[in-house]
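You will see subunit A twice below: alongside subunit B first, and alongside subunit C after that.
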Partner chain A sequence: MPSQLALPHLLIPYVSSPPQSSLTVLSSVLGATGNWLVLRFLYAALGTSAASNGEPMVRGHEAGRKSRVVLVSFLQGWEFWRLEAKRLGLDLARLTETQQFAFVDGLSELFSSPTAPAQPSPTLYQYPEAGTAPRTTLPIRSQRSPLAPGPAGLRQPIPVSTTSDGSPHKSAREAGPVKRLHLPVDGVAALDLFEREITAVINRLKSSPGGDGNESEVLLVVDQPDLLLAATGPSRCIGATEIGEWIMGLQQAATATVATVSADSPLIHNASVYAHQAATPLETEHAAFAVELAHRADMVMQLRNLETGAARDVSGVLRVSKGGAWGRRESAGVEESWEEKEVLYFVQRDGGVIVFGRGE
Partner chain B sequence: MSFRKRNIGLSTGTDRTSISNSPSQPQRTTQAPPPTPGIRPSPDDGRATISTGSPSLDNLMAGHGGLPLGKILLVEENGTTDFAGALLRYYAAEGVVQDQKVHVIGMPEQWGRTLPGLIGPAEAANEMPDRRKSERMKIAWRYERLGEFGAGVAGARVPAASAGDQIPSSTDGSLETQPAFCHAFDLTKRLIHPSIGNITYMPIAPSREPLLVSIQRKLQVVIASSPPNTVHRIVIPSFLNPTVYPPEVSQPENVLPFLHSLRGLMSLPTSRITAMITLPLSLFPRTSGLVRWMEILSDGVIELCPFPHSSDALSTSGAATAHEEPPQGMLKMHRLPVLHERGGGGDHNIGQDWAFTLSRRKFEIKPFSLPPAEGDTEAQDKARSDKMPKMADLEF
Partner chain C sequence: MAPSNLSHRQTHNLLLISKLLSLRDTASPLTLLLDSLEQPATPLVKEYIRRARLSKIHVTLVAFETLKPFDGVDVFVSARRKTPADIVKEVSAAYTPGSSDNLNRRRLILIDSINPLLRSTHLDKSFDLSTFLSSFIVPGGTPTSKVDSSVVVTFHQDVPGRCAQSPYVPSPLTILTYLATTVIKLHSFSHILTQKAARDRSLVPPVFGIEEEKDGVLLGRLDKPVGKDTVEGVVLEMEYRRKSGRGVLEWYLLPPASRYPATHVREIVTLLDDHPLYRPPEEHNARGEEEEPESTFELRLTERQRREREGVVLPYFDAQQGDGPGEGGRILYDMGEEDDFDEEEDEI
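And then the complex of A and B:
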């Protein structure tokens, strides 16, 4: 797979090596989904080390940096990401074995447990169904993050090594070497649980050998965390604020974070005061969350359909703009390598993407 | 391909067999045992697809020629008509005929008795070829469907049948020996088939758990307890309709987890499930956040907009010729399986306007085009005659 096909030149400054502790928000709509762009982020982070054929590719000044990726996906399963990444020439299964990549599955068992209908434990700070087989796909490192992320008051040191029982027995499940999230209880406790689980995965990658002694950098990609918000609703005590804090907690554990959200017009604009109908809680919470994320982000990448109708050789419009937090960090003194831009893109059948300006 | 005799038409019919036999296919096909009737590898990327029961809907599926396994198709309908219900019945009937497992949610057994009767394989019952032959313009037959890839799959049957007089070759034979992928049904008859008893019904019954949670659990149990190679079709007619579902079900915290876990269930690599859901848009408008989330959670979203009766004049004039039945409504594709999860674009069917016609025997979807307004013909003629002299003036 030719690399310029996998990563178009126009995209390189945007997707490669997001700055330290930054948040990139990627918004998509129904007809213009962002999975291809998420894959480009993965490729930019993992592609050099995966296909190191002496090509001085994307990164330039940071060519030697080892980057690792944790992908948390709520809408697509492992199989989808594996197959789509393979089309780009990324072997996610192998990268998982070499501890460069980890997948956290928020799809298959989030609201249901497939084998036995396990009773959610009444105790909050406890791993749910810690004894049953499907949970222990990977051992969790005992190392805690020194950062103590998140709203710290709620949290106590966790009894570690619940599952560190030796070698990772992958392939026990055919679903692949993935960690699955399961929403056992309502409310903030569930989010805390997720945060701990994801942080554990991040730390495992950070400290895994293969780097040059230093902790390697971990890019966290959270795919559609807004599903949690939409599917739980206020009755389960998860609102925009809670999800926003949850993302912030995850951000502290990871080196850089990419989050994707839906930005369809009903989800964003119905909540405005100018809307004609009363907004449902789902809409207000979603709008609050998406707007909050955009304000906290360094860079916002919006995908949308062509305004002029569908076209055969254009998939949609990509607009890259500065987020609310742009320039606020110390690292912003370093000159930014990208500028705001609006381009068209076209996802071809073979998985390659063409990015071009209007009229080109 | 280069060893093929040049004077024999390329038809997807033969390609189809070669695809399923060739060992160098991507894993998708090797995982799925090809000989299962009713399953066909997609001509696009080889993934296993099933038929929706109506050939023209199959052809809209972004070049896959059917609904790929593991995908949810959401059919939305405006107004009080039940065109979507007809599509759903075709879908269920096709599953029954192919001996697949059909799960009907929210409807009693009467629903299954109204499935349309079987006529035969779609190829045989399709009267399209005759009409096509009579109306065909003078283009070489092998070019006439060029550029229409989505239709090319249907083209597998249509040209092979229509060009049957020109090439009495092996293509016809291979079509006959192959089990039919899609059947034709007659809405006025009732389906009688030995495996119709295999439909499982999950009516709405009060239970201790939330309703959709218990349905989800039942589905999981049924699917887990069936033999591993069974193909499942989940049919959810008129989802969230308040005459069927209690009102609290349409709260986002009930609907969305249900759809999400359905999606999770279907995304498992071992499962061979498809689902088709119809949703009444008059009750749940597309401008609401809930419906938008349901659409995001589905893989394919199709909206039916039937013409109101007042615009009968419009619809009759919309028929291209006298033979064709007038379209009964517009069909909008908001999202297509596989295509859109990869990023969308590049499909020939995307930018088109589609109209649908439901007749006794088929649900037909074709490009919609308005003819010139009838009153305007003189104006057009005049414009043309105005222009002509000018053109002549310009020439020297």
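And then the complex of A and C:
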């Protein structure tokens, strides 16, 4: 357990219980990644129900109501999230068993066709950054071949070498901790397939027992869907509009949605209408996707580097702003008591995060 | 002259914006709202809906990016994954005139963001933006069931457009601004004030948000501290094209919705020039220059004194009549009632 609070006080109003059918956009740059903030969202939603953590939290008006999380990740695998969450005191494997959490892996087998003859791979997935703080490195996929020998086993959980952590080895297709996404075809059909698969996971969590009879609230976290855009692009009939509509479809299924995007300068500003230069299709599509997503968001949390350069005790700047859709809902003024803010944060070696204002 | 000109502009342009926002006389069939992340169009769209409700106009929202309908929207048409033809069909089916009452023949069609449609990779080649928009205004129905439709389209300026398919085709924004009868560009009031303060001191006006081109910054807007909440509001830069083709340009200020009740009927939009923060009252300085130095004597004239002084015919006017030498140039004095008659002096 980290020495300080897993959820810094300044963050509580922003990460806990996003309002109904809202979209929160979390933008990050290469030097200030957002994985720690995604974990704070997970913690805010799951932390109270984790019995290991007796610390009472301010959960606003929804105190006591159970909320569940579906995490769709395109840039990190299951193992990364499991280890990082463990440092926060969240046992994702156990939460998966109790149907409070589900992980959808959009990374591992995205481009390997499920019908292709799979080679058994003796080596494990390696996540080079798994042991360190979530920092700048992109995941290096040393092995990308499918793991399981037959098509029937393709949807099995990743055979983790250390099974002592209790990651279940069920062969049940749908109930495993990890649901893998495949990109079989081009165009919208693939996105439709993703939408169906993720919606099925959301609905399974929604209707699973354990609540008070009502459907539980499901927070959907989509981590870096811009990978899809970069990997396919308009030449394969997937553009910013299609990805945006895909996320809208997921939003309809989930109670609240958090989406992370990269906002690095080349991806946003090269194609910006304020820059007068020719941009590549990827730059254009990414900028359009990120900006449109921010237009649809209630809250935009932007992570960036410190303007004055690297510092030993500051990892970056977090700015929370009202997105383009803020205030659309009539009750917004009553429910949402947060205000726009800019704070500094520091990710420590043990994964703990300190959030503080400038000069504090 | 200047004050009367200004007051004329005030009355005229305030009437114009009130006509436009309340959709009276179909003043503008196609209104284009140009917004950005720094100032989203939501407050203005809500104001449109509020006024439409007051005058019982049927409101349709074509939602490309909205999940849940706004309050006050009669019909919500989700445009996700639909072809333009389907959207048009659904929108025109949503409202049948004359079914409820004959008076209500006006409808407002809001398109929350046209960008996803323009960027979509699935548009077939035959898609034509002007045909799409005009099919809302002039539905293919019978002319007897004519409905006065106004379309309000929001366009996010900061979303980059698609790479042009053909170099000879104008960009969608060009087509939109060409078609629109009214173009309203939205600015944040606090940004306008900051930029004006910089310009007043001959500094380069600052830019905000994506325009800053800072790594990782999508939105630059931050809440002002509570004490300075007077800078809330949306600045509308309006260009209205008259039927004659002449354009009317004006800057307005829309106060935040929390400042007035939802059933408020009187006009709440003001000219930006009338706002004390944008143009601080100058009377104080202007009068200060004209004022004469104060003294114990009363040096000013009353109105009556001035009139009488102007009425005096000076001797040289009389001399110019040319009655001959020696004639003219006499001092002719009409006695006022307050003059005392003095026989010796006033004898002629």
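As a working rule, the second predicted complex is superposed on the first by the 279 of 360 C-alpha atoms of A that agree within 3 Å, B and C clash if a C-alpha of one lies under 4 Å from a C-alpha of the other, contacts with A are read in each partner's own complex, and residues count from 1 in each chain.
Simple rule for what comes next: contacts are C-beta pairs under 8 Å (C-beta built on N, C-alpha and C of every residue); 3 or more make two chains touch, one makes a residue touch a chain.
As the structure is a prediction and not an experimental result, all values here were calculated from the model.
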*Give one word, clash or fit, describing how subunit B and subunit C relate on subunit A after superposing.*
fit
*Touch check for A:D264: first (subunit B), second (subunit C), both, or neither?*
both
*Between subunit B (first) and subunit C (second), which does A:E79 come into contact with in this model arrangement: first, second, both, or neither?*
first
*asked:* I'd like to know which partner A:F111 touches here: subunit B for first, subunit C for second, both or neither.
replied: first
*Check the residue A:A231 against both partner chains and state whether it touches subunit B (first), subunit C (second), both, or neither.*
first
*Once the shared chain is lined up, is A:E97 touching subunit B (first), subunit C (second), both, or neither of them?*
neither
*After superposition on the shared chain, which partner residues are touched by A:A32: those of subunit B (first), subunit C (second), both, or neither?*
both
*After the superposition, what is the least C-alpha distance between subunit B and subunit C in whole angstrom?*
11
*In the superposed view, which residues of subunit A touch subunit B and also subunit C?*
32, 264-265, 279, 281
*Considering the complex alone, what residue numbers of subunit A touch subunit B?*
30-37, 74-77, 79-80, 84, 107-112, 114, 117, 174-175, 227, 230-233, 235-236, 262, 264-267, 270, 279-283, 286, 309-316, 345-349, 351, 353
*Using the touch rule from the top, collect the residues of subunit A that touch subunit C in their complex.*
21, 27-29, 32, 188, 234, 237-242, 244-245, 248-249, 251-252, 263-265, 268-269, 271-275, 279, 281, 284, 287-288, 290-292, 294-296, 300, 302-305, 307, 319, 321-330, 333, 339-342
_Footprint of subunit A on subunit B - complex, ascending_ = 44, 63, 216-217, 220, 224, 251-253, 256-258, 260-261, 263-265, 267-270, 286-293, 295-297, 301, 334-335, 340-348, 350-351
*Give every residue of subunit C touching subunit A within the complex, in rising order.*
35, 37, 40, 42-43, 46, 65-68, 70-71, 80-81, 113, 115-117, 119-122, 156-163, 207, 210-211, 213-219, 221-223, 258
